[in-house]
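Two complexes are shown next, each including chain A; its partner changes from chain B in the first to chain C in the second.
For the complex of A and B:
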């Protein structure tokens, strides 16, 4: 098998007395889109945050494109993997104009043409370049999340970690963003790890998915298995039943 | 027929822009609310949150608001002094904000915040009793291990847990009117059902009026009695819940066509083609 773009082995994450992630393993192939679904509080976001180096106390092995998370400087890692957070408010500085927010990772990494690329990214995410001069508080929740996505794309990483990328977006914008993500995945050969509680979104976006409950993996399914209702665990069936209501 | 709990007529909200002109964000919204579940859907920026905030009286200072009628129960909100409105917010009216980060105090344990919310409503309730109520409400919200969560700070909660804590804070006060702004967007489907049933119970048992703001059309049409569809600051259509498929307005129909489904095709999703005449000038 080709080397996975992301491999997580025996990952355990603790916050004091809480075990947020309990011995979780999975791998994502290059070009693949992998979904994480499951109970609220089951550790999905924590897995993504650990991959990004945002969590202190963890054990196991995390590799992105062959680079070990524990041994690679954050700055180097950032060119391989970027994350879009669940919370579109937390990721934007309230007093920085949108254009600056998007250009920031490019400036930090000394990329040329940051300005032009910022405008291009603003067009790409459907806001248009006039938004470059707005402040986060002037944007609605959905607009802010689009900015966060543009920012994550700025360094052209190979792997995008997306935490509920469209749960703050209305359905028309969700469709545009999902189409955009799919197009980018194809054109740029990106891989995705997507956390979502929307099984329809996961079935549409992901080749495989992992179901989690209470810090543990319940089961891993291919899209075909999901669509054929070829499920092994009761929790997955409940989840599907609640989704289909 | 009894008088509705809320009446809004011709609500308009505008913001001054850089070039001195006004950005009209809400353009003549009118509706009434009884002791019912009223859904409000529409794309982001269509004016849903602002309409809710206007009712609650928490618009930014620089917003220009006008209305022919803005009434809650027998209170004319246009004339009510600031103090009255503040008191309403702490008691009979509640709003679950779209973003937990704005409504939870970052440096206070979440359990204590719920205890406060309970005791603001009634000082005679002891801290111990309020603590027990808090643990109970967290449990009904299907929070695992309420004792542990009680002692956490907001940043230590998952997205869905933060939303449930916010909902708990509002629900314990049992307000007469609750405006829930995208309250369940971060919840997984099974937990979402449970939280909705709690809101539902308040509407039936407490005769609460609920304005449920969401961009999730299907959720809203399953859960609410009526649904207002907003577009560009106006209500373009009112639907009887459960009759989403009978939606007439091309905007509503367009929204429905954009949704992926579990068993649907993998081709690009339909994109909403916005038409200039959807936003009729009033």
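For the complex of A and C:
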């Protein structure tokens, strides 16, 4: 078996007295797109934030491309995994031009030709280099989310964590962003871990998915199982019925 | 290689053009506020007076003329003369330099100190935050003029010491404000995004959090200037600021106090100068706040 690009074992996250993630384990194979599904507060976003090191109090093992999250310096870790946030209106610095926002990770790592690569990235996400000198408030939500994706790709990571990447966008834009993500996954050989409460998005994007409830894993399904309603747990059935998929 | 260089050059100028567009739009919005423009006009006149004092002043501000002691305003001395026969108009014009010097010294020291302490405190949190904020509390608890008095008494009177003393009392509000802004921003997605990219805390503080605090600090600065002028005049009035024969406005009021019932102009003219300049800074500050305050902007 090939080494998983992301493996999470026995992850438990606590916020004070409440347990946000309770003994969760899963693995994502290279090139795979893995979905985390569940209602609000089920702990799926917390898992992504924990992998990225934004949460303090956790136990278990998180490995990205063989690197232990707890022991790897953030600069090195950053080259293997990046994250796209849910709200494109909050994830870009309001005082920085788009080009600067995309180039910032490369400047932090002292990479050469940051400007030229910024233009390449802008072309790659379908905005074009003229957007480099605009401010975020001059862009629409979908355009901002494209910029956030470009910034996440700046360090050429192999794994992208997507935290509800389209839930803040309207439906027609959602499809554009999802198609862009699928295209990028094929062209760049990326792996995704996608958090969503929208089953339509997950069944469109993900090869496998994990259903969560109250901080625990309910079950793990493949896309075919989801489409054929081959479900084992009552909660999953309720969740599907509620989503009216 | 040359194409990359070219891209960089074009990129540099385009980036500057985009920034320039922001500046132009700011100026256009500012010019729509008549009171703000009035305040700006007062400040521009003040700057003009300070820059061209030797050419604007009709008399020497230091040369006594004992035959012309306490002359009322008239054709020879437009705003009268003081107890040594010096032209008050000339002294007020030269005094604008001292006022600007004090305000400038206080602003360039107090605002950066407060900003730095506040942002570091807000970003790092923990014991550093506790230490910095308790120090700030202590400075805020001491009456402003009293602290300045004690400082000047220890170091001796003079313009620079007065400015330092005012700085000592002026930085804590900046620290408080910058900390509040930093707390609001430090866990925002755009700061987390650069944190995930591996940025050092210093880089995050200087390039990502500080710019978000700047607008509040600038607003506070312009509104503070009036208060600084008043405090400086107060120190001058009780003889701990500028020393004679310097034509500092507060010190001029202080000497005019002796003649206030018979020769009203000696104390009134510098008083009016302080009033007008403070008003100008307040109007300017208010107009800038309307444009820059992030909390107001959200409502418009």
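Simple rule for what comes next: the second predicted complex is superposed on the first by the 241 of 245 C-alpha atoms of A that agree within 3 Å, B and C clash if a C-alpha of one lies under 4 Å from a C-alpha of the other, contacts with A are read in each partner's own complex, and residues count from 1 in each chain.
Here is the rule we go by: a residue touches a chain if its C-beta (ideal position, glycine included) is under 8 Å from a C-beta of that chain, and two chains touch if they have at least 3 such contacts.
On a predicted model such as this, the values are computed, not experimentally measured, just so you know.
Of the two partner chains, neither chain B nor chain C is touched by A:237. Contact with chain B, but none with chain C, is seen for A:204 once the two complexes are overlaid on the shared chain. Residue contacts after overlaying the shared chain place A:168 against chain B, while chain C stays out of touching range.
Of the two partner chains, chain B is the only one touched by A:178; chain C is not. More residues of chain A lie in touch with B than with the remaining chain of the pair chain B and chain C.
Using the contact criterion defined above for the overlaid structures, shared-chain residue A:41 touches chain B, although it does not reach chain C. Residue overlap on chain A between its contacts with chain B in one complex and with chain C in the other: 86-87, 90. Per the touch definition, chain B reaches chain A in the complex via residues 42-45, 49, 98-99, 101-102, 143-144, 148, 156, 158-161, 164, 182, 185-193, 215-217, 222, 254-255, 258-264, 266, 268-272. Within the complex formed with chain A, the residues of chain C that make contact are 3-4, 7-8, 11, 14-15, 17-19, 22, 188-199, 203, 208, 211-212. For chain A in complex with chain B, the residues that touch the partner chain are 15, 17-18, 37-41, 45-46, 86-87, 89-90, 140-143, 163-164, 167-176, 178-179, 182-183, 197-201, 203-205, 214, 226-227, 238-240, 242-245. Across the complex, chain A meets chain C through its residues 52-54, 73-78, 82-83, 85-87, 90-97, 99-101, 104-105, 108-109, 113, 115-116, 119, 132-135, 148, 151, 154-155.
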